[in-house]
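Pasting the structures in now, so scroll down.
In the two assemblies presented below, subunit A is common to both, partnered first by subunit B and then by subunit C.
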Partner chain A sequence: MMVFRVAKKEILEMTRSGQFKWMLGIVVALSVVAIYISHVHWQEKNLQRELAQEDARSLWLAQGATNPHNAAHYGTYAFKPQFPLSLIDPGVEKFTGVSIFLEAHSRNEADNVAAADQTGLSRFGDLTPDFILLFIVPLMIIALGHQSVTKEKEQGTLRIIKTQGISNQQLILGKWLGNYAPVAILTTIIFILAALFIRQIDWKFVATMWLVYLAYFAIVNSITLVISSFLNNSGISLVILLAIWIVSCLAVPKTASSFTNEKHPYPTRQEFDAAVAEDKKKGLDGHDPWSEASKKLEQETLQAYEVSKLEDLPFNFDAFRMQKGEEHETAIYFKHNEKLKEVHQKQTQVYRSLAFLSPFLPTRFLSMSLASTDYSTHWNFADAAEKHRVEMQRVLNTNFAENSKLGEWSYKADASLLSEVPEFNFEAPDFGEVMDANKSNLLILTAWLLGSFALLFFASTRV
Partner chain B sequence: MLHAVNLTKKYQENLALDNLNLVIEPGDIYCLLGANGAGKSTTINLFLNFIAPTSGKAVIDQIEVSKDPQAIKKLIAYIPENLVLYNELSGLENLEYFVGLAGMKYQQDELVSFLQEAGLQSEAFKKRVKTYSKGMRQKIGVAMAIAKRAKVLLLDEPTSGLDPKASNEFSELLLRLSQQNVATLMATHDLFRAKETGTDIGIMKSGKLVEQLSTEEINHSDLEKLYLNHMNN
Partner chain C sequence: MVSQNIRHEVRLLSRNYWFVSLSLVLVLLCLYAGYNGLRHFERRQADQQQAIAAQQEKEDLIQEVALNLSKGEEHPSAFRLSPMNVAIYTGQLATMPATEISKLAIGQSDLYTHQIKISSSEDLATLSFNELNNPVQLLFGNFDLAFVLTYLVPLVIIAFTYNLRTQELESGRLRLLASNPINTNLWLLQRFIIRYCSLAIILTFILTLTAVMVGMAFSLSLVTFFLLTYAYLAFWFAVSYLVNIYGYSSAKNAVSLLSLWILLVLILPTVINQAANTVYPMPSRVTLLNEIRQTKKELSQEQDRVLDEYLRNHPELIRNEGQNAYGYWQGYFASQELMEEELSPVINRFDEQLTKQQKWVDSWGLLSPAVLFQDGATELAGTSSKNYNEFKANVRSFSLDWRAHFMPFVFDNTMLEHSDLEALPKFEYRSILGTSGVLVNISVLLILSVLMAIRGLALEGKQELLSFSRS
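Take a look at the complex of A and B:
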């Protein structure tokens, strides 16, 4: 096939040029270093997290026989596991916390809610594999391909080619393949290297991420050849392609991020805390028997059990009130966090609708999602931690209420109660869920892929 | 084999080629002479389908060039004044590639025989083209024509800048190809070579073919006189 002859010659020519060897050498070296550093960091953080988690659990259990509410205040931590593919794409991990303190009366946040940059879209400069894949490899494609057609025009070889019989489409397709092959091989090597380091590898995720990046590079490659086909000058082609790179990989993500934050801003930490405190004040405080809400609960409970004194209730009303207070506060936290989540969902909507602006965006979102390092996964984690906290409070307060008398604050539950509180366990969303949540990103990436090929076909008729 | 029928090319108001009529038979070596800007390259480019005629038609082997350019490509070989090849590839690799683009596949020994036939010295076959002289590159062009089994050669000043020996070798190659019934259209400024190698001569001036003659009809000095006469009027 003529297409393959062209591709073969492109590769042969590349491998003989010093420029190509240097470039490939640098990118490969960067990739290896990035993967190695990421691996070391990953292991360090993972070890720290595992140790901290064990520590937290043993500290929790070491309380021994204790008052359940003391234990509730003593608290413990929920840890977000370190997901395998964060080795390739650490996503927004930098901006989100990895642990949440679980205690009575308050829902604590991992430090993400009001972080200035909610997106991590514009994160630039960390030597991680995702940086190389998202920014450096496209640059390499441009460097290799910008003169693919212009050079043939400048030298005059294109005139000879045109008398030989090969069609323009075959020629451009061959050049596309020739430029893509080294990139595809490099990408595959990066993923294989990373996979070697990843524990508990889930091939579905790795393979899909690999395909997403291959699609991204195919798009960049097509655009590169489109520009090279349209122009007659290699220098201008390079300048235009670099401008496209800056716009798609830097400007559009940055602008999308600021635009989204402006359109649907998150409340600041202070605003959020003030709103919660305001709502809390209006309702039942588990520790305050004299408030209006407490009195009302007292009346209702006495009526329900048809007794006249709190002492006659079959359980410790102090603990019962605390559980009710907890439930009330939980509802407040839930309400306010739902609002945050709404903002998050609205932002996600906006991002999805902006994703057509640059192939960088859907690629970035898919990559983070597949690595379980996106904001959605973080929200799932925060929700799971809250659910866990509520369950923990329920177990402790119920024990307190059922096994002590009114005012018996000195009651100590058996140490076995502590192990009745389950260990926190969080699982990343499974493959189906990730694909489902990213339907629009997949669609837009596919549209870019097809669109760039269509454009390439059109450009090839103009050569 | 080659026909120009009222072939005309206008660039805005500039009549680059004015109503050219021309017939070149298999085995002919037709040399186009004329001053700079006379319309020689325009004629060749019309046969190559690099440009479209304003009116009239260029026909190769009964096929109108602008109607079926793909079919034409199978018949022709083109050597420009300065044949540029891929510097990082060897002569052999360049030949293999370009012939490949014509849809032909040859064994290495066949490719080697084409290079030998084109007169390239065998030490050069596997050297990178960036080490080649101009004459050596033009020989690759001839080898491409041989390998392609082209029936028509379109040559635009292929020997300009070649030393006399290289130029002479090139002429001999053309003669050999003409014996194999290849029709050649060559633009040149070299009156001497045109008389030596060509079978026919056409003199162009300002887009018009002002003189046509067979090389057998005229000697060197008369040709020169005739040419200068046309140029001075």
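Take a look at the complex of A and C:
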């Protein structure tokens, strides 16, 4: 087969060039260091979180016999687990908090953002496998392939090749394969190497991520050969390809982020808190029996149970009011977080619609999503923590209401109540959900793949 | 030679279609980046004004109550003058005002908040300075002027200088030149300096245009920003000069220069950052959370002991009524203060590690011009991590002062009066960073550039040419 012969020749030529050896050496060294360091950090963080989760639980249980509402104020922590594939792509993990304090009356934001504990240099990026896959490997493809066709033109060998009875398509396809094969092998090695370090591996996720990157590199490879086919000068080909790389991998994502924030800005924390406080003030405060809302609840409850005094109610009204207040506050937090989520969804929509500008964007989003280190997973975590908090309050307030009398603040529930509050557990979305949420990214990546091949076909007719 | 060279270069550049069109693209990019910076600045200002107004409302309310009471009138909200209310509910707003230069370098300002409420009920250990944000945006970063200058301008320089000598070499003109009684490396240096000046003039024009568009006034910081930009440009011109002298082919020069760009701008900063995190790892924040809880729990269980211990250290607060007269709030304030004392070594561990990381980055950053430039630009803009560390430290120390100020009121069980409100401590963000760090960065960039130029000049240009022609 002509195609394979061309590919073989390309690879042979590559292996003989010092430039290739250097480049490959650097990329391999960087990858190994990145995977190893990520592995060490991953284990360290994982251990910390597991320990912290255990400690939080034992501190919670160690309260012993206590007033349920005191326990509610004492609260506990929900920790976001470290997902296995975050070793390959830590995504936005650095910028999202990992712990949420669960307490009575308020929904807290995730805290302990790693980026805040780093120097400004962290904004240049981290040496992690995803950095190498997303930024460095495409550069390697460009460095290897920019002169693939131009060189033949410059040296005049193109005509000689054509006299051998090879069609343009066969030649370009052979060159495409020759340039792609080493990259595909390298990618596979990186994934296997990383997989060796990953515990509890789910092959579906790893294999899909591997395919996503292979598709990304196929697109970059096609674009490289298209430019190389159209031009006659290696230098110009390199400059143009680098310009394309900078635009796709740096400029477009940054522009997208500036544009998105401009279109759908988040409120500041101050504004958000103020809006919540404002709404809270209007409604029932579980701790304030004198407010208008409390009086109204009192009347309604008395009527419903057809008694005249709060003391005659079959439960502790203080605790009942506490629970009602909690429900009211939960609704407020829900409302405001839904608003925030709406902004987030609108922003995601804008990012998605901009994804056709650069193959980098759909790859970036798919990769994070498959690693469960994207923003949506973080939202899921925050929502799960809130659900847990609400349930925790319900268990505690119900016990308080049913087992004590009005004004009996000295009531202490048995220590076993604390273990009735379940342990917090968060699972990453499963494969189907991830694929479903990323339909448009998959579509755009496929469109890029097909489009770049079509362009390559067109270019091959012009060699 | 110089005047001929200048005339020749100016003619070449003005007829170079690519140079003119790329300059135009640069104008557009800078204006767009400036616009983004301006919008960011405006939002930051507006958010801050809103927060200040909301705080002012609270302060006005207690002022009004205090004024009424001082006139001997009654007020339904008299309880607002209790030290607990003023210390916790009213609190104070700590703000970090934006500088004009922050329109040019957004830096870390999208990560942190610039207004934070100081309240005596907050624990310093868990005080969060993070702004509500979409983390994807933080991951991608912003398209600001600092980005254009750090990443894109070096590539423009490379595109216009990579073949200045090799082009002559490849066309055989260099030998003609060398047959004249001139130093070819000096001739080349002149060409580089002329191109440097041309680009510097164009960039000065573009930056001035951007500065005017975003409404910046002339200031010393702006001049320093310009100087930093010139120094950064000089570095890349010097690198290209050296590569030109060593290189024999334009194609190889292009590859070498681009590899250097990738190494210095893309890889080195991430490696230095990763190394800083590995050499000086941060203690675990999640472990800290449980430590805090443990401490809190111990203190709350021993409220009486806490109060005793506190009063032993602060005998001035003991009143004649005896310790038993003290209730919940005295215990609360005392235990808060004791907790800060007990936890401060733990929190300091974080600060110490961060300081060490910063030192590591400052010294290894000398290897990468991109780090030097970015660092200098954000420091000038007041958006570097150093500025935010200062702000955090300011807030923490003020929080302690704020609580301490109310202690006598809490233990005296007295309400605040109108005159006391005037005497409340006021937060002010004070930066002692100055521009010395930026000047160091500028000097380093310039020294490196000069050294590279001297190295290039010292190489025997003609000798090398002969050996090349022999081979």
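Some notes on this structure:
To be clear about the criterion, the second predicted complex is superposed on the first by the 449 of 463 C-alpha atoms of A that agree within 3 Å, B and C clash if a C-alpha of one lies under 4 Å from a C-alpha of the other, contacts with A are read in each partner's own complex, and residues count from 1 in each chain.
Everything below uses one rule, namely that a residue touches a chain if its C-beta (ideal position, glycine included) is under 8 Å from a C-beta of that chain, and two chains touch if they have at least 3 such contacts.
Predicted, not measured: the structure shown is a model, and the values here were computed from it.
In the superposition on chain A, A:W210 makes contact with neither subunit B nor subunit C. Touch criterion met: A:T157 reaches subunit B, while subunit C stays clear of it.
Once chain A of one complex is fitted onto chain A of the other, the partner contacts of A:Q347 are limited to subunit C, with no touch recorded for subunit B. More residues of subunit A lie in touch with C than with the remaining chain of the pair subunit B and subunit C. Looking at the shared chain after the overlay, A:S17 reaches subunit B, while subunit C stays out of its contact range. By the document's definition of touching, of the two partners only subunit B reaches A:K9; subunit C does not. Applying the stated contact rule after C-alpha superposition, one finds that A:Y375 touches subunit C and leaves subunit B untouched. With both structures placed on the common chain, the touch criterion links A:L59 to subunit C but leaves subunit B unconnected. Those residues of subunit A whose C-beta lies close enough to touch subunit B in the complex are 2, 5-6, 9, 12-13, 16-17, 155-157, 159-167, 171. The touching residues of subunit C, counted against subunit A in their complex, run 36, 39, 43, 47, 50-51, 54, 107-108, 111-113, 115, 117, 126, 128-143, 147, 151-152, 155, 159, 163, 250-251, 254-255, 258, 262, 266-267, 269-274, 276-278, 281-282, 284-287, 289-290, 293-294, 297, 350, 354, 357-358, 361, 365, 370-371, 374-375, 378, 384-386. Within the complex formed with subunit C, the residues of subunit A that make contact are 19, 30, 37, 40-41, 44-45, 48-49, 51-52, 55-56, 59, 74, 77, 79, 91-92, 94-99, 101, 109, 111-127, 131, 135-136, 139, 143, 147, 234-235, 238-239, 242-243, 246, 250-251, 253-258, 260-262, 265-272, 274, 340, 344, 347, 351, 374-375, 378.
Within the complex, the subunit B residues that touch subunit A are 48, 50, 70, 73-74, 76-78, 80, 82-86, 88-89, 93, 97-103, 148.
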